[in-house]
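Here you go, one structure.
Per-chain numbering from 1; labels A, B and C assigned in written order.
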Amino acid sequence: MSLLSRVTMAPQGPEVSRLVYGVWRLLQDPQGAGVQRVLEKIQTCLDCGITTFDHADIYGGYQCEEVFGAALRAQPGLRQRMELVTKCGIMLVNPARPANRLKHYDYSRQHIIASVEQSLRQLATDYLDVLLLHRPSPLLDPSEVAEALQTLRTQGKVRHLGVSNFTPAQFDMLSSWLPFPLVTNQVELHPLRPEPFLDGTLDQCLRQRISPMAWSPLAGGRLLSGEGPAETRVREVLASLGQKHEALPEQILYAWLLKHPARILPVLGTNHTGRITSAVRALSLNLDTQDWFAVWSAAMGTEVP
Amino acid sequence: MSLLSRVTMAPQGPEVSRLVYGVWRLLQDPQGAGVQRVLEKIQTCLDCGITTFDHADIYGGYQCEEVFGAALRAQPGLRQRMELVTKCGIMLVNPARPANRLKHYDYSRQHIIASVEQSLRQLATDYLDVLLLHRPSPLLDPSEVAEALQTLRTQGKVRHLGVSNFTPAQFDMLSSWLPFPLVTNQVELHPLRPEPFLDGTLDQCLRQRISPMAWSPLAGGRLLSGEGPAETRVREVLASLGQKHEALPEQILYAWLLKHPARILPVLGTNHTGRITSAVRALSLNLDTQDWFAVWSAAMGTEVP
Amino acid sequence: MSLLSRVTMAPQGPEVSRLVYGVWRLLQDPQGAGVQRVLEKIQTCLDCGITTFDHADIYGGYQCEEVFGAALRAQPGLRQRMELVTKCGIMLVNPARPANRLKHYDYSRQHIIASVEQSLRQLATDYLDVLLLHRPSPLLDPSEVAEALQTLRTQGKVRHLGVSNFTPAQFDMLSSWLPFPLVTNQVELHPLRPEPFLDGTLDQCLRQRISPMAWSPLAGGRLLSGEGPAETRVREVLASLGQKHEALPEQILYAWLLKHPARILPVLGTNHTGRITSAVRALSLNLDTQDWFAVWSAAMGTEVP
């Protein structure tokens, strides 16, 4: 029996798991990135109900999708038990992309389609559950995005479109050009990066009835080991709440995000299977409102106004 | 005959007086907070047409509503001659609220209803004309607010809902979950706090055809006696306009807010009955456009671009 | 044959030329501002397809419109070959306006109408193609603007209304009071003033399907000769792209703006007829996406995130 609840990302959007597994560190696993190891982590996720996997074309220097895809090739039946999210649009200076003279963004119709087709090949799948535009571009042409997605959706290659790191204005602008709704905005979100709570980003998700995805929910580990004053203050509160709830600091942090009414989807980045399994307990923690504000106030360094 | 004009706060909103009397300093009156003294101030307000009274559950350490309510109990006929506004949602660390471990916000369905019922009891009334959510909460769940207000409005306990200190994005988000429009946003607004003129707050009020309420219209007195460079510059302009219009500095300040097309409702905080009466003259002052910009430019420290 | 393409400024808006000629420096021409010289510059513009002229009541200390109008009086046939844009609302302290005690804004119905009628007389024309509100005013009353424009449009004196230097919130607010759409927002826009790319201004134009106008597209010359680190970085990239495309730095800058999907309309300010003619080549330059980001990253001082 799965411990994890599921959630519909948007009114017309896909059903996903309440925690998402992100593969951006797939190549940094001390136990390697061989097929068996990748399968082991996938199986760990699926066993505890984490069925949604977050990719990007660029992760691992354009290699993570392929490494993950090798596992799906080895066990093709896994694909139908999971949802795949990937991203496009960032153009890195990288040996794999010799035409890139400087880091930039490309959301031309041609590039979006080519990037998706490459992702499908590497991931060994026929379709993406969700494609995300990885970062807003000051040169983004919404008509090109609309055309590319029209093609990709008609072909069945992309089921849903979302964005990542978009401001509310950028989200609204793009939406106004699309004949379908965007299903998510994946943003950096944790107690040391509270801006989305205040700048309209989460308000927009609530208004649109979409679930935001939270990348780096542990601030890339800084919240667990960083030395700065904010890290230290938050960590003290996490320790105290950990005692109260008999939980690990990262479980408290996930629960802190999960408590928000926007139905935030934290993206886990760990390579430790034990920590994947352990994260699931966050869903059964019941932080009360004052617990939540204890973390918030520690992050702010002051009580609320 | 009343000197004060009245205004409809929102298209479907309540009719209120153009100046509002705020009770947050009710317990600081040098002449005390006995029933007779409170009645004297209420009568002074009503005599000059100030019929709208602004409360909050937390004012005076959760005591102002009760002190005011004692006066209404003594003269129950007063209630039908006034509009009562109060607020909920801030949870203070206070002997009266032993469960509060740290300052936080609570906009759960349960708390909103309990807070309103407590306010009704303390104010000795059956209904609130307007309930305001006192501050935006990063954890505000709009569905809880919608449910609570559905109940309270059906029961006749709250006639209208507004907010206080909300950003435009927070206002829009909450509005999108309510089956009725918000009727106001009460914000800090005076020449030393001009942000709402520039950051979309007043633009939103104009777009929604609602009257904002202005708390601390005299900057808590700083504009009349503060020593900083901005205070000094503004005070010099107020003195000069005072001579021109034969008016007191605070009358000029109220008139400055009243001149704005958003139909700002200044909330007076004085305990001096003479100053209540005197404030009313602000409505008959005719600041011209250049008078208005003289105050604005003094506040900014520079002419307009 | 005209080299310049034309563009519809807004769905119901006027057709204008892709580059606009701005007259704010008309009186600073080393060759003078006599009728023959002005006619020479107008003819140069028209000959290369620049048919849209950008004025303001205040340019040249309230004199530019009259100087330009003298040329139209000398050759009345020119009027039907061009579009005239002018602005109102800024009140300068100036011998020509003795009633102005301090710089301020006036968007009263009375002033807007008087200002337009004055502009029509000075420009020797019966109508303006576009009237712009020159700057947002913290005191702007949208009902006054709506009334004034109702009158002016009914009389045929103003065909379209736009704004200048407005934030998205100010634009939306005013729009909500008008029975017709705003056709443009003219903003300062160049690599050293990239805010409109990021703060929702251009997103709003794309959402509304309107073309923004870009004032000071060369940063008033700073981009070509400024000594600051950003200017220097951008200029190095312009030199490199100039070599690649066999183009002048200012042609690269215009092409950089023209490449944006919002269909930005750069406003040229030069008094050199050679530079007017030369600017037109910007439309046939094909900057690629990486060229565009090379300028962007030089302006930012860092690669994109």
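By our rule, contacts are C-beta pairs under 8 Å (C-beta built on N, C-alpha and C of every residue); 3 or more make two chains touch, one makes a residue touch a chain.
If you're wondering where the values come from, they're calculated on a predicted model, not measured in any experiment.
Student: Examine which chains touch each other and state the graph shape they make (line, ring, star, complete, other).
Tutor: complete
Student: Rounded to the nearest 5 degrees, what is the angle of the rotation relating the C-alpha atoms of chain B to those of chain C?
Tutor: 120
Student: If you average the Cα atoms of chain A and of chain C to get two centres, how far apart are those centres in Å?
Tutor: The computed centroid separation for chain A versus chain C comes out at 42 Å.
Student: Two or more other chains in contact with one residue: find those residues in chain B.
Tutor: 168
Student: Spell out the part of chain A that touches chain C in their complex, as residue ranges.
Tutor: For chain A paired with chain C, touching residues are 100-106, 108, 135, 137-144, 165, 167-170, 172-173, 176-177.
Student: For chain C, which residues are in contact with chain A within the complex?
Tutor: 168, 194, 197-200, 202-204, 206-207, 259-261, 289-290, 292-294, 296-297, 303-305
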